[in-house]
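First, the structure itself, so that you have it in front of you.
As written, the chain order gives the labels A, B, C, D and E, with residue 1 at the start of each chain.
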Amino acid sequence: MVVNFPYLTVLVLVPAGGALAVALLGRVRREVHELVGIGVSLVTLAFAIALTVALHAGDPGYQFVSHHVWAASIGVSWYVGVDGISIFLVLLAAVLFPLALAGARARSDARSFVGWMLLLEAACIGSFVSLDLVLFFLFFELTLVPAYFLISGWGFERRAYAAVKFFVYTFLGSAFLLVGIVVIAVVHQNQTGVLTFALPVLEHTHLSSATGILLFLAFTAAFAVKAPLFPLHTWSPDAYAEAPAGGSIILAAVLAKLGTYGIIRFDLNLFPQASRTLAPLLLTMAVVGVLYGALVACAQSDLKRLVAYSSLAQVGFIALGTFALSTEGLVGGVLLMVNHGLVTAAFFLLIGWIYDRRKSWQVAELGGLQTPAPLLAAAFTVVMLASIGLPGLNGFVSEFLVLAGTFLTHRWWAVAATVGVIGAALYLLWAYQQAFHGRPRPAVAATRDLGWTERVVIAPLIVLIVLLGVYPKPVIDRITPAVDRLVAHVEQVTHVHQPEVATSPGARGSRP
Amino acid sequence: MIAAAVAANATIHVPAIRYLAIMPVIILLGGAVLLLAAQSLVRRPLRLRFATVSTVVISLSAFGLAWWQWADVMDHGPYTTIAHAVVTDGFSVLVTVLVTSATVLFALVAEGYLAREGIEGGELHVLALVSASGAILMGQANDLVIVFLGLEILSIALYVLTAYNHKRTESGEAGLKYFVLGGFSSAVFVYGIALTYGATGTTNLAQIAGFLSRNVLVHDGVLLAGMSLLLVGFAFKVAAVPFHMWTPDVYQGAPSPVTGFMAAVAKAGGFAAFLRVFVSSFGVLRADWRPIVYVLAIVTLLLGAGLAVVQRDIKRMLAYSSINHAGFVLLGLQAASAAGVSAALYYLFAYAFMVIGSFAVVAVIGRSGDMEHDIASYRGLARHQPVLAFAFALLLLAQAGVPFTTGFLTKFQVVVASVDGHSVPLAVVAMGSAALAAFFYLRVTVLMYGPERAAEPVPAAAGGALFAPASELRTRLNAALLLEDVPAAPRVVAAATGRVPVPPLAALAIGICVLVTVVFGVFPAPLVDFAHKATLLFLP
Amino acid sequence: MSIPGEWYLILAAALFILGALGLLVRRNVLVMFMCIELMLNAANLTFVTYSRMLGDIGGQVVVFFVLVVAAAEVVVGLGIVVAIFRRRASSSADDLNALKG
Amino acid sequence: MLHLAYLMALLPLAGFAVLVAFGRRLGDPLAGWVGTVAVFGAFVVACIALGGLWNEPASARHFTENYFSWIAVGGLQVKVGLLLDPLSMTMCLFVTGVSALIHLYSIGYMKDDPEYSKFFIYLNLFVFSMVLLVLSDNLLVTFVGWEGVGVCSYFLVAFWHERDSAASAGKKAFVYNRIGDAGFLIAMFLIFSKLGTLDLPTIFAHRHALGGDATTAVALLLLLAATGKSAQIPLFNWLPDAMEGPTPVSALIHAATMVTAGVYLLCRMNSVLALTPDARWVVAVIGGVTAFVAATIASTQQDIKKVLAFSTVSQIGYMTLAVGTGAYIAAIFLMVAHAFYKALLFLGAGSIIHGLHDEQDLKRMGGLARVLPWTYATFLAAWLAIAGIPPLAGFWAKGDVLSNVFRKSPALWALGVVTAILTAYYMTRLFVLAFRGDQRWAHAVSGHAHEPLHECPWVMRIPLVVLAVASFAGGILDLPWVHTAGLSSWLGPVFGNSLFVDHEGAGLQTGLAVIDGVAAVVGLSVAWWAWRREWDRPALVPAFLQRVWYWDDFYDTVIGRPGQVLAKVAATAVDGRVIDGAVNGAATLVRKSASGVRRLQTGYVRNYALGIVLGLAAVVAFLLSRVWWS
Amino acid sequence: MSAPMLAATVPDSLTFAISAAVILAGALGVITSRNAVHAALSLVMTLFGVAVLFIEQQASFLAAVQIIVYAGAIVVLFLFVIMFLGVDRRENVAEEPLRGQRPLAVLLVAVAMGGVIALGVSAHWATGAHAVAGSTTAGHHSNVYVLGKAVFTTYLFAFEATAALLVIAVVGAVVLAKRPRSGESRGEEPAGPEEPAVDGSSADDEGPGGPPALVGGGASVTGAADHGGAG
């Protein structure tokens, strides 16, 4: 590949341009808009795959970097690059958008829908590749706009409430983020005289512990809302439930990852000391989220809300792995982001299709779907089992890594979270039984099974779910160097080392 | 008798004048007067168009001259002229550019408005031109007297403009309220000048600063009293809480294009003088006034955003939002630094386009009579006029601070300035208020992009009986939050259906506003650099 | 030996305060205008006094401008009152409260 | 030849893949044959591997091979590989063997089921998972198999998903297993954190580095896992419900193979268990108590499969008891023997149910001996075997367990003997009620006049016969007096030092064996006498036992219902009112306070002026205060 | 404070005392008289008092302007409007419809008064630099000369800028007094003599010099300035 070609810039601009193109396309048949949308997102996917393949697996640093001054006088630059952590999130977004476009089509006004979706894709990818804090913030915030319009434009009954709640809540969270970003840049400027927002530079800012903690809290406020972490999650059930299927997919599978990604990328890099100091707090939030999410999910009769709460639990796992601050935990966390993205996307796709057929998400009104729609049921089963964390499917590997990594550093939190593993089985199987098992009523018995397009859309997800469960090594191998670098950075700053896990137990002494 | 007493040789040497410095003002004022005269020469049907074109031409010439000034300042540095009464520096040029462009946009918007309302328009444009010259004067004033005169030129013309639409009772009421309170605050302001004069012996800003830096008067009662009276005068003009109370009434009552003009120009002029006087002249005393501005900013931010949430009239809502924006600009002032000044300037500049564009839409949607300002009028707008709705949504979202619009950069820069000035809590409050503000901007977009009727046949999602209490609670909350349904009066609904005619010039103005907001949001460097170079003549 | 400036200044302050008080308590718009004039006069008196105390002509010049402003303000203000009066025959400020909230 | 061992897992997996892809097109019965052939292939491979292993010297019967690295992060290196030693070999043999037979049986049993091919998909997947569980050389990969069999069990129990009871039972099975899995997971974390590996040979080699407390914890956590999978107290009550699955499933998964995985796991980890006597006591007590409790319940059940299910629980209790006493070989012996006769019992029961058109109630059977001769004959062998009548397999295997227990703890031994009596009792009761006495099933077949009661087809008969032979002769695997040739010598090296070796004299051993035999005969006779003529004796089936010692009710009251309430409270009160309420409340607060402040905006210009003056006063006051207080 | 007072000459003291009394009485008259006409007349009283104090402080020209512009033009305009509108009815001053307005206002005034007095006792009132814009008596020139010179030098630009104010006043008066074209308003009948001077003369009177017709004092102001400039 050409070394200096701005691949990532193109990756961001392709969907953005696609959005513009769709907007300018004028009044043509809806299929044309949809095809253009799918085409553009497939091109993006091709780019993303090419980048993933070209990524040097062993290189922990940022790759495909392009750095242009954007607004010199305020120190902001167009500074993008990926490492093993972000590339898979980019890939995740690139995979899910075409599927969402193809699998969850708008009921009306396809042009705007496709346009917003493509803009959202650009914003999501932009967030994942940004290495400049302000640029990240820009994209991070930009995601709100299309997401907001997707919810309020194509959502369900209480979409207005959900959309505004989503927007304002996350906006409020990012208010702290913006101030935090500015503060660290100013502190850095006072130390070095250079005003910059570049992450690799700001990493070396010396922060007093009080400042570090405050900044950490400011950053984390935004990310925890976005993720969402307990107890800042309450926008998510509403938003996921009221959004159209495509919106729910992206919201839960990609957008929410911005929060956890932000924690890993920015909190840990910028405030290692504070991250370690406050890890018990965050771990507790995470564990409570895991258990609480499961508990509340048990009481949901609405499939979408149920998945929303299960997401809360899953995000808890991600945060758990992150703040375990061990290599295993972090790799698990990153992997879980990808896996949860795939699983949730599949969930919302399937739930969307169920809604198309039955006009309801209430499990009680679905009963017996498996008989008329075995393929749908099979797909749902696989996804459900992946979400439960069945070994051999993708969820398990990441969940195990997270828990094992957490156990190394924070034993009891891991134990508590492991108990949460039971919960997932409880509510998902209950919901599955309610929705799919039993003798179908006549209305249900006439339900269509998956059609060809639907099969084509869900198949890649199922394949990925299985593939990442059986052979996650290529992914892990690329994530690990970046995580190692991150952990080393944290350890170097905090002078606290993760318990060493010798590969050869013979070499081990007594463990702490 | 007096003449006889004057010695023959006691000639008066008129101070040197650099005409370039005052040329924009001269053009605006002279143009206004010429326009007034020429009106009578034009046949009535053409009068409106003539006035519009003239105003645009006049403002554009001033605009062009401002760029000449810019080149001059950049090449040769800033200077004062006419006995140091006016100053030409980057700051003043930026204000000039801002004000003249706002005037151009105002003229474009007003054209359609006047035609629709059937109002004679010549004087409106004349007054706007004069008012704009007042704002420019405030930007380049180097003397409290000039500030005062600029303020009055700006304000008195605005009183008239506010009361301009004699067909609306609200217009008159707003004009009167504005006038009474404006006169009151002017009196306060003048008294403040008097006390400052007594304490420093001069009204010249540079001399005040020089005096204060040479003499230790840090806790002089008269000086502080004078300064606080000046502060109140400015705070009134820029609508900082608790001196804001005229704003919603006046914004609502004034003709919609005038409201946009007022929000952009009066705020810019007020802040320009505010910044110059306090950062330059009273820079030495910043320890005294920064806490006040700090508190003012917090109250302004929160109250502006909070009160906007409960408004149903879009103009009132935008008025409160402008109060919120004033709070943000106060952040730049509070920083009392070069960064703060340029951030505030950038804010004012970007805001001018957003707010004029917004009020242009409001003027269009207001329909004949300029009365349809209940937010319910915006219900379903996106169905009929997607482009208009999109433009409005964009302008509102930009005001909320959405990225890749100038609206984000405005907030970003004042926050940077504020943090730089060690006022982190203030920055946090500001961004928090931005989230609150997002709420009401979104409310409008929710309506625009919502269904046309209050209730649309929604897909049957049978509510789980299990959670009846919770969902009932939610329903009540939604109603309480005015989110789900804004019950509209039948009249409004009837009027709101169907397309609203958009005058081409207004469309042009809206287009320019959107373009500026977006283009400089995506490629911020030119505008940001502009504001960064637009520093004050001197900083203590 | 003339009266010290302080006395003038205190008198001016009192006048200013009385003007403000009048603005707050009177309902008639015209009287409110007059109260504003009182306040402006207080400012003028202050300027002139300072001009004497500091031996500086500047204060007197400012008064000159204040007078012009006051005149212009009154013209416009009365114009507005007249315009409003066409619609309702009241000059009470309390009758104007259609815009609120 | 050992290098082919992976085929044991791969063949069923291939069968699974083929059936997923083409199962529906292959249809009935071709899909069944594909599945069966795959598993038979696995069995053949197992036999070949056995040959390979057999040829090695006893000390070198240990074959490992790595295939690919599954997870490699930091210290966690998980490779997918196999560990073939006599223990896993034995397991593989009977797992694939019994599975093959039951596959064959299912071809007949599942005939005409609308989801015929799906059944074999699940079955093949199950066999794959089970083999993976058994063969893996890494605890985490074992866990993969462990979960795999669990999920297959879920699928198969809920196979007739239109039945609510089946669906619920599947869910229950999965959730109970999941509780055990949490234990497994935490045990793995603990091992990993202490040893940095999950590789079995490495764990065994460095087990001493675990430290005392951790060892006990690991052992107890694995026990928790085992109680889930092997249906031991306190997690045993999913197994009876699991009988909702098709009968071949009950035979294969819930009798012969999967449920013994817990015991296998404990055997596998014997070297760790050996370090913690305390934990072993717990294992033993749980096993003994489970055996007894389940036997009492089995004595009172009306449903033929429920009786067998509780019998399974009881028998696995014996195995656990054996593990707890360190008699691993006895445990494995009983496991194998049990696999034969319990599979046979289930298949026989299936044959009956099949014949009676899904009638499972013992009250509506009786006198079947004449109608179902093949079933009757084979069932007879299994009955005697499980009852412990010499010289059938059950006698030897159970005797082996009890004689080991006796030395360890006479109290537990006594409990075991009482259980043995009960075992003979309930099996006899079942046998008598089903095959002897009056034919009480007329109405069951009345609706199916076109299809009169019939003996099962030959595909189902072959497995019955094969298993009957195995049940009859299974004892030869490990006869007490030929320790050098049987299982003991074969498995001995695997357990090494951790094996509890009983050194009691031959006399005592004989005595114990006699007591076993007598116990069996006593139980058998009592049941024969009590149930030969009567089929309804309420006095002998107390509600307490029928309701499973109120175990389900207890869980429901203590955990289930409070849990539901808790969930509902969390969803509505906590999430709705508190957390969401705080958010909405904040919004309402803003609105309310704004409405309050809004009232200040009266519209009266004089009020506004007052506001300005107030603000002015505040500003001036602040600044002047700086004059006076500075 | 009292010592300087005593040091002043008796005529000065008397003049000040009387003027102060007149000023305050006039101010009180403005804010208490029920009739707007009386208020306007009270205002004249105050303006006159202030003019006296201007003279007392050597600002004789301003005193003249004060009388001519304020008393002569502005108050006349007030009276004109009062009479024109016919709103010279009595306002019930004793009653205050707005709750809390009056007590708060009085309280604030009391506090402000106290503040002023406290300030007067403790602080220096005039701390500024002397004669920055030019001495009041530079070279023994007359007040008018000095004033005029300041206007055309230091304050030249401000002076020119006032032109804009006058333009606004003119245009504003025209706009506001214009009768609504389409008549939903009260004034349906042909326009009365509503400020005919404004309407008639200002339309063609433009330029920075400002229209003299608008305010009586306008002429004086410009006139005086012209005069100074010529001199």
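Descriptive notes on the structure:
Note that contacts are C-beta pairs under 8 Å (C-beta built on N, C-alpha and C of every residue); 3 or more make two chains touch, one makes a residue touch a chain.
None of the values given here were measured: they were computed from a predicted structure.
Hopping across touching chains, the smallest step count from chain B to chain C is 1.
Common neighbours of chain C and chain E, listed by label, are B, D. Set against the C-alpha centre of chain E, every other chain centre is closer than that of D. Among the chains, the centre nearest to the mean of all shown protein C-alpha atoms is found for A.
Top-ranked chain pair, ordered by C-beta pairs in contact, is C-E. Look at where the CA atoms of chain B average out and do the same for chain E: the two points lie 30 Å apart.
Chain centres here are Cα means. That of chain A falls 41 Å from that of chain B. Inter-chain spacing, taken between the CA centroids of chain B and chain D, is 75 Å. Centre-to-centre spacing of chain A and chain D amounts to 36 Å, using the average Cα coordinate of each chain. For chain B, residues touching at least two other chains, in rising order: 145, 149, 152, 156, 159-160, 163, 166, 176-177, 180, 184, 188, 197-198, 201-203, 220-221, 225, 248-249, 436, 439, 466-467, 474, 481. Looking at chain D, one finds that residues 568, 571-572, 598, 601-607, 609-610, 613-614, 620, 624, 627 touch two or more other chains.
Within chain A, residues 299 each touch two or more of the remaining chains. Chain pairs that touch, as defined above: A-B, A-D, B-C, B-D, B-E, C-D, C-E, D-E. Partner chain C is touched in their complex by these residues of chain E: 1, 4-5, 7-9, 12-13, 16, 20, 23-24, 27-28, 30-31, 36, 39-40, 43, 46-47, 50, 53-54, 56-59, 61-62, 65-66, 69-70, 73-74, 77-78, 81-82, 84-87, 91, 93, 96-98, 101-102, 105-106, 108-109, 112-113, 116-117, 120, 125-126, 128-138, 143, 146-147, 149-151, 154-155, 158-159, 162, 165-166, 168-169, 172-173, 175-177, 179-180, 185-187, 194-195, 198, 214-215, 217-218, 221. Across the complex, chain D is touched by residues 176-177, 180-181, 184-185, 188, 218-221, 224-225, 227-229, 231-232, 235-236, 241-243, 245-246, 248-249, 288-289, 291-292, 303, 306-307, 309-310, 436, 439, 466-467, 469-470, 473-474, 477, 480-482 of chain B.
Remark: chain E residues 119, 122-133, 139, 141-142, 144-145, 148-149, 152-158, 161-165, 167-169, 171-172, 174-176, 178, 180-182, 184-185, 203-204, 206-208, 227-231 touch chain B in the complex. Chain contact summary for the complex, chain D toward chain C: residues 598, 601-606, 609-610, 613.
Across the complex, chain B meets chain C through its residues 145, 148-149, 152, 156, 159-160, 163, 166, 169-170, 172-177, 179-180, 183-184, 186-188, 190-191, 193-195, 197-198, 201-203, 248-249, 252-253, 311, 316.
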